[in-house]
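Once you scroll down, you'll see the structures, which are given as C-alpha cells.
Here come two complexes built around chain A, the first alongside chain B, the second alongside chain C.
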Partner chain A sequence: MLRLPDFDYYAPSTAEEAVRVAADHGPDAAYVAGGTDLYPNMKRRQQTPAVVVGLSRISALREITGEASSGLRIGAGVTLTRLAEDERVRAAYPSVAYAASTISTPLLRNMGTIGGNLLLDTRCNYYDQTYEWRKSIDFCMKRDGEICWVAPSSPKCWAVNSSDEAPLMVALDAKLRFVSPEGEREIPARELYGADGINYLTKRPDELLLDVCLPPANGWRAAYVKLRRRASFDFPVLGVAARVKTAADGTVEEATVVLGAVHPSPRIIEEAGAVLVGRKLTDEAIREAGEIAQHLARPLDNTDFLPHWRKQVVATHVGRALAGLR
Partner chain B sequence: MGVSNGTPKDNGANGHGQTTEPVGRHPRGEGERSDSAVVGKPFVKVDSRSKVLGTMKFADDLTLPRMLHAKLLRSTEAHARIVSIDTTRAEALEGVYAVLTGRSMPITYGILPVSQDEHALCVDRVRYIGDPVAAVAAVDEETAEAACRAIDVVYERLTAIDSVKTALETPEPRIHDYGEEGNIHKRVDLEFGNVDEALASSHHVREDLFFYEGNTHLPLEQHASLAEWHPDGKVTLWSSTQTPHYVHRALAKVLELPPSRVRVVAIPNGGGFGGKSDIFNHEIVVAKLAMVTGRPVKICLTREEVFYCHRGRHPVLMRFRTGVDERGRILGMHSQTYIDGGAYGSYGVASTFYTGALQTVTYHVDRYKFDSVRCFTNKPPCGPKRGHGTPQPRFGLEVQIDKIAADLGLDPIEVRKQNLVEPHSMTANWLRVGSMGLGPCIDKVVEGSDWYSKFRKLPYGRGVGLACGSYLSGAGLPIYWNDMPHSGVQIKLDRSGGVAVFCGATDIGQGSDSVLAFIVADVLGIDPVDIRVVCGDTDLTPVDLGSYSSRVTLMMGNAAIEAAERARAPLAEAVSKKLSIPRSRLVFGGNRVFDAENPETGVTFAEAVQFAETSIGTIGSTGSYKPPRAPGRYKGAGVGPSPAYSYSAAVAEVDVDPETGLVAVERIWIAHDIGRSINPTLVMGQVEGSVYMGLGEALMEAMEYRGNRGVVHKFPSMLEYKSPTTMEMCDVVTYLIEDPDPNGPYGAKEVGQGPLLPIMPAVANAVFDAVGVRVDEVPISAEKVLKAILAKAEGKDGRYGPAKTPAVEWHEPHRVPPPWEGGDGRAIDDPKHMPVPLADPSGHRYKHDMSGD
Partner chain C sequence: MSAPVPLTHITRARNGRPAKRRAQFTVNGEPVDVLFAPHKTLLEVLREDLNLTGTKHGCELGECGACAVLVDGEPVLACLVLGLDAEGRDVTTVEGMADGPALHPIQEAFAQYGAAQCGYCTPSFMLTAQVLLEKNPSPSRDEIREALSSSICRCTGYVKIYEAVELAAARMRGEEADILEEAIYGR
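Then we have the complex of A and B:
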C-alpha cells in the first residue's frame, strides 16, 4: 500500500483555533477537509506538510444559510453529496447541485467538500504520480524538478485547474470569505485563481475558507457541461460553465462563458459572452460563441485524451451548455 | 453447409481423429439416474457468503506473529547497466532486518522452460522502469519504504527500446542475449498448403492492417504474498497466484531447495484474468527474506507495482491477406503478426503462436499461412491476459470478414455462416474440433437483437455489429512436456458423511472451488454444502497445472468425476451387501443411497460410508485427467490443440456522437456455446464479465508509455488507466447454447475467456454501421473515430488505423500440408514426414464450385 508520510494532526473545533494553529506553523501547515485531494497527494509526496489541520470538527463550516432571493451562503465544509442533494441549492442553483453530483464517485463525494473542491491543487499527468515515477522522469518544475514536461521551453507550469465547481463559481461571480489572523476578507471567485499551475491561488496558505456566497438567484440561469471519458470517477478534461441573463423576449442581456480544466485557472472567455449579448440564443449565435471559445482554448498534453481533440470539441460543448439555457 | 464434397471430414484425413485416449466423463449412476441433482442447477457458489460479507481472507489479510513487511526498490531507468548498489544507509536504519540485492539470488527462472530469463532481483541489468533491483524486510511498511529510498543505485543508461519497430531497427544493445537475433525474441513461420496459389485463384483478395493496443488485467486485488521459514528447513509461501504448481517449481529452483521442502499455497485471488499466472519477483523475494531473517515476511504490491508486473495483452500489429470466392468462402489466408513483448519472455513464445493458431477454428480456412515476430522492448513484460494472444487476430479477422462482405455486397451473417467449420473436423493447421455450436450462437444473437431490422437501417450515429470467436478448453499440452496428468483430484470420505475434496486448482473468482464441489456432490448424490474443498496447496493437494488456459472445469471436472465414481464404488458394494440389493439398482441421491425400484429402502450417505469403512477400512479415491493427444506433429503444433473449443457470437448496438467521436455501447446480445453448464449462474457471470472486460478493451484500455527519460508508463493508476465503471457497462442479453462435447465433463466446455473475443470486433463493426468509418485499431477511442469522421467528410478514406508494417526478414516457412492435402501432420521438411496419398489430391473443400473458373 502507498503510505502517508509522518505528520502532526490537529483537530480544532473553531475556525479561530484552526487559523491560529496554521499560522503558528507557517508554510509547513495545510488544512484538510475531506482529504480526498490532499491525502492522495501526500501519499505521492507531491505535498508533504509537517502539520495538517483538520477542519471536520468545525461545525460552523458545515452550514448552508441565507435565502435564494438574497444569495445562499454555503459553508466550506459542506460535502459534495449534501450540495448535490440540498433542496434549496437544487431549486435555486441547479447547475451548482448538478456539477457537485458529477464529481468523482459517491464515496468520495461523501467526504469531499465544496471548500476543498474550490481550492483543489492543479493537476497534471506528470505531477499526479508517485515519488518513484516522478523520479524516473527526473521530476518536473511543479515539485522537485527543473523543467516542465508539457511545455519544455515554458517558464511556467501549465497544470490544470480540474475543479468542477470553480468554473461555475467564476461564471456566477460567487464571493469567497476567508479568515486569517489578520481578520476576514472576501475574494471574488473571479480573482481567486492564478494563471500559473504552481501559484494557482491568490490566497495565502494560512487563509481559511469560511464559505461561498452565491449571488441572488433571480434573472439569470446557468448551466454546466462536463466532458470526461467515464461517467463517474473521472476529473473533467473540459468543463463549460455558462451563465446568461435574458430579457422577457429571450434577448441576451448578459452572458458569461467559462472554460474549466483546460488552463491553470478557470478562464472567462469574454468574447464568447460578448457575441451573445443583444441576440437570442439561436443556433447561429451559439455556434459563434462556441467557435470563439474553441479558438481561445489552449488544452495541453497533461490530462486524459489528446489535447488536439480536447480543443476540437470545445465548440460542441459550449454549444451544449448554451443550448440548455434556451 | 451446402457443400459436402471434399470436406475435411470425409477426405481420408479423418483417421487421425480416432482415438482410444480418455474422453470426457459423463457419469452414470450405479443405477440409472438420468438427471443431475446439482449439475446444471444454479447452486450458490461455495464461497459467495464469505465474499459478500467480507470475511474471505485474501493474501494481504494474512498475518503471522513476528511478521515483517517487505518492499521492493524498482528501477527508475528503462534500460541500464547496474554499476553499483550501495545498501549501507538502508541497513543502518532502525527497524530494518534485511536488505537483498540480485546477487543473493543469481539463478534465473521464468514460466516457460524456453524463457528462463528473469531474476528475482536484477543482477547487472535493468530492463524496464519498475524492474525490481533490491528488497527490504522491515518492521513495518513505512520503514521498508524509507529503507528503499536510502539505497543508492548507480546506473549506466543504455538505449531504450520502445516499440517493435525500434526493436527491429536496433539489434544492439540486446535486451536479452538469447532469442532469435538482435531484439527479436521469437519468430514463427508456418504454411499449411500453398497460400499464394489460393489467393491467386481467389475471386476477391483483401489486405488489411490492424493494430491492437496492449492493455492489462486490472484485478481489484493487488498481488500479495506471505512467506514463512520453518526451522526444519522448509519454506511456505501463501500467495495470490493462479499457478501454485509453477511457483513451486521456480521457488525450489531459485532458492536451491528440494521441491519437497517448498510449500506454495494459492490464496483465493481477488481477480486474476491471467495477471497472476507468472512467477513474480516478490513471491521469490519474500521467501528468501523469510529464510534470511527467520521471520515471516509479507508484501502487498501497490497499484503502480501491479501495472509493472503486467503480463497483460501484447500490443500486436497485424496484416491479413484473405482470399474468398464469389460467395465469400475463405480459400486462403495469410496472417502476419508483429508483437511487442516487453522486457521478458513470460508466456511470450506461446502468445506468439496463439496470435495465429486459433484463426482456423471458427471459419474453414482452406489454406493458411502464419508469420509472427515477437520483440523485446523496455516495457513491463506482456503475457497472458484473458484470451491469450487470440483477441488481437480475432479482432482483425472479424473486422476483415465484415469488410469482405461489404466489398462483395454480401450479408456479413451469411458470409460467416457459409464458412463455419464443421463439427468433429480438422482444421488446416491440424486442430481437431469437436462439438461446434457457432451456427446456433449466430442465430440466437441475430434473432435476439432483431438484426435484420437494424443493420444498415438505424439512423446515422446508431449501429449494430456482429462478431464471433472461439477459445480453448485448456491447452492440449502442459508447459513442461511430460505424460503425467494435467489435473488430479483426491477425495476423502468420512464416517460423519462429510466429504473432503483436494485439488491443485486455484479459485480466482471464476468459481472453480464451487465447480469441484458441484461435480463431486452430483456424483455422490449429496448436498454441495457437505463438501469441504481444499485447493491450490502443493503440500496437500494433487497437482493441477493452474487456473489458466480455461482448463480447470474441463480437466479438473473430468478428474473429479473419475475420483467421485471411484469413491462411490466401495460404498455401493457395501450397501448392496448390507441391503441385499444388486449394485445396478442403487441410486446415490438426496444424501442417501437407495433402491431405484423401491426408493424407501436405503441408507443415508453417512451410513453408506460407515458400512464401507467397516468392510474395507479408510475410504479415499483419486482421479486424474490428461487431454487426448493432438494430431499435429509439426514444430509449433503444441500450441492450439485443446480437448474442446467453445464458441461465441455477439451483436453490439452502439451510439456514436458524430461531433465528438465518443462511442457508447448500449447493449450486447451474446450467445456462448458452453457444451453444458455445470452451473448456469456461474457461466452467465463469466459471460457478463467478459463483456465488461471487452468493453474496456474495445473503447478505452491502453498500456501507454511516454518517451521522457526512457520508456515510462504513462500513468500507472486506476484513475488514469481508463477501464469502464458500472456507468459504462451496457445491458447484456446472454444465451447459452448447450450441445455437450464428448470431451467435457458432463459435456462442459470453457467460458472464462471465449466470450471476450467477439466483443471488440462487434463494437468496431457496429461503429462502422453507425457512422460509416472504420477504426482498425483497439481501443476505438473518440479521437480516432472523430479523425476518421472528419477525414471522410473531406472526401478522404474514412479509416483510422495503421498504414504500414515494419520490415522483417521472414524465414522460409515450415510447410505442413493441411489434412485434406495429405501428410501426417508433419512439416514436409521434417525427415519423418510421410505423404499420404489422397483419393482427390487437390482436395479443396470448395473444389466443385471453383471448377467453373
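Then we have the complex of A and C:
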C-alpha cells in the first residue's frame, strides 16, 4: 500500500490561523486544499512536509464574489466542480468554466480547487513516480537527485506545468491575492510562474492564496483547447489559451496566445499574438499564428506522448482555439 | 504577540510517533468514534479501523476511482481524504446502499446485468451512479458516461455498467423495466 508519511496536521478555520501555523514551521509546512496534488506526491515521497495545514475548514476561501462587469473574485478553495457549474462564471467567463470541466475526473473535481490547480506542482515522467521507481534511476534534481533525466546536460529542471487554468489566467491577465504574516499582496498571474521546474512559483511557501480576481468580462473573448490521451483523468499534454479583443468589424486589437503543458510555466507566445493584431481572424491569420507558436514550442520528454509529436500538433490546436473566437 | 491559536491538539507519543487522534463522524447513518494515526486516509480508517472493506484500495493516487465514497452526499476519493477531515461529516460507503436485506435498485440491476466481473470497481460505480440518479433521474447515456468517468473497470468494459444504471434509473422512476433480452447469457 502507498501510505502517507507521518506528519502533523492542523485544520484551522481562518486564513489568519493557517498563515500563522505555516509561518511558525517555515519550509517544513505545506498548505493543502483538495489534497489531489499534494497527497499523491506525499505518498510517493516527492514532497514530505512535516506539518500539513488543511484549508478545507476555511469557509471564507470558498466564496465567489463581485460582478462580471467589474471582475469576479473566485476564492482559492472553490472546487473545480463548482467553478465549472457556477452560473456567473459560465455566463461571463465560459472558457474558465470549460477548462475546469476538463480537469481530471468528476470526483477529483469535487475535491480539487481552483487554487490547487493554479499552484499545481510541476510534473514529469521522471518525478511523478513512487520512491522505489525514482530510487532505481538515482532520483532526479527536482527531488533527492542531481540530474535532470529529461535533459541530462541541463543545469535546470524541465518538469512541466500541467495546470489547465494557469494558461487561461495568464491569457486573461488575472490577479492573485496572497496573504502571509507580512500582509497581503497581489501577484499578476503573468508574474506568478517561474521558468524552472523546481522554482516554478514566484510566491513564497508561507504565502497563502486567498482568491483569483478575473478582469471585467466585457470587450474580449477567450478560449481554451486541451489535448490529452483520454477524455478523463489525464493532465493536458498541450493546453492552448487564447484571448482576443476585436473591433466592431472583427479586426483584432489585442491578442494573447498562451501555451500550457509544454514548458515549466505557461508561456505567452508574444509573436503569435502580434501577428493577429490589425487583421481579422481569417484562416490565413490563424494559420500564421499557429505556425509561429509551433515553431517556438519546446516540448520535452516530461509527459505523455512523444515530444516530437506534441510539437507537431501545436499549430492545429492554436488554430482551434482562435477559430473558436471568430 | 497574538493570542494562541485554538487548533486541534497535537501530541507526540514517547516513541516520537504522533499520538493517535480522535475523530467522530457518521458512517452509513451510524455514529462512529475512532482513534487513528493522524496521517491515515479515510480509506485506511474505513478499512482498517472500522472493518468496512467494501471500499477498495486501488491505485491510492486518485487515478482509478476504486475508493469512491460519499462525504456529505458528494462522491469523493477516500484515498485522498484524511480521516481527520471526516470529523463531523456524514460518510456513506457501499455497505450503506442496501436497505436491510433489500438491495438498492442499482445493486439489483448490476447483479442482473452481470455488470461486475471481479467486482473491485463496482462499489465506486454504484455509489457515483446513486448520486447521479438522485440529481438526474433520467440521464442520457452520455451523462452516465461522464458521471462515471472517475472509475476504471479493467474486466467488463463499460457497456453493461451503463445498461445497469439505465435499468436502475427506469425502475427508480417507477417504470416497469427489465433486463434487455439479448443481455441474458445462454438464451
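One rule holds for everything that comes next: the second predicted complex is superposed on the first by the 326 of 326 C-alpha atoms of A that agree within 3 Å, B and C clash if a C-alpha of one lies under 4 Å from a C-alpha of the other, contacts with A are read in each partner's own complex, and residues count from 1 in each chain.
To be clear about the criterion, contacts are C-beta pairs under 8 Å (C-beta built on N, C-alpha and C of every residue); 3 or more make two chains touch, one makes a residue touch a chain.
Since the structure is predicted, the reported quantities are computational estimates derived from the model, not experimental observations.
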Chain B versus chain C as contact partner of A:V21, first or second or both or neither: second
Which superposed partner A:A11 touches (first chain B, second chain C, both, neither): second
Which superposed partner A:R204 touches (first chain B, second chain C, both, neither): neither
Partner chain(s) touched by A:M1 [first = chain B, second = chain C, both, neither]: both
Partner chain(s) touched by A:R298 [first = chain B, second = chain C, both, neither]: neither
First (chain B), second (chain C), both or neither touched by A:R185: neither
Touching partner for A:S56 - first (chain B), second (chain C), both, neither: second
Which of chain B and chain C A:R326 touches, first, second, both or neither: neither
Overlapping contact positions on chain A, where the chain C interface meets the chain B interface: 1-3, 6, 231-233
Chain A-touching residues of chain C, taken from the complex the two chains share: 2, 5, 7-8, 10, 17-18, 37-41, 44, 57, 60-63, 65, 68, 74-77, 79-82, 84-85, 87, 128, 146-147, 149-150, 152
Contact set on chain A toward chain B in their complex: 1-3, 6, 125-126, 128-133, 135-138, 149, 227, 229-235, 304-306, 308-309, 312-313, 316
Residues on chain B engaged by chain A in the complex (per definition of touch): 74-78, 129, 141-142, 145, 149, 300, 302-304, 659-661, 700, 706, 708-710, 712-717, 719-720, 722, 724-728, 781-783, 786
List of chain A residues in touch with chain C within their complex: 1-12, 17, 20-21, 34-36, 39-40, 43-44, 54, 56, 104-108, 110-111, 231-233
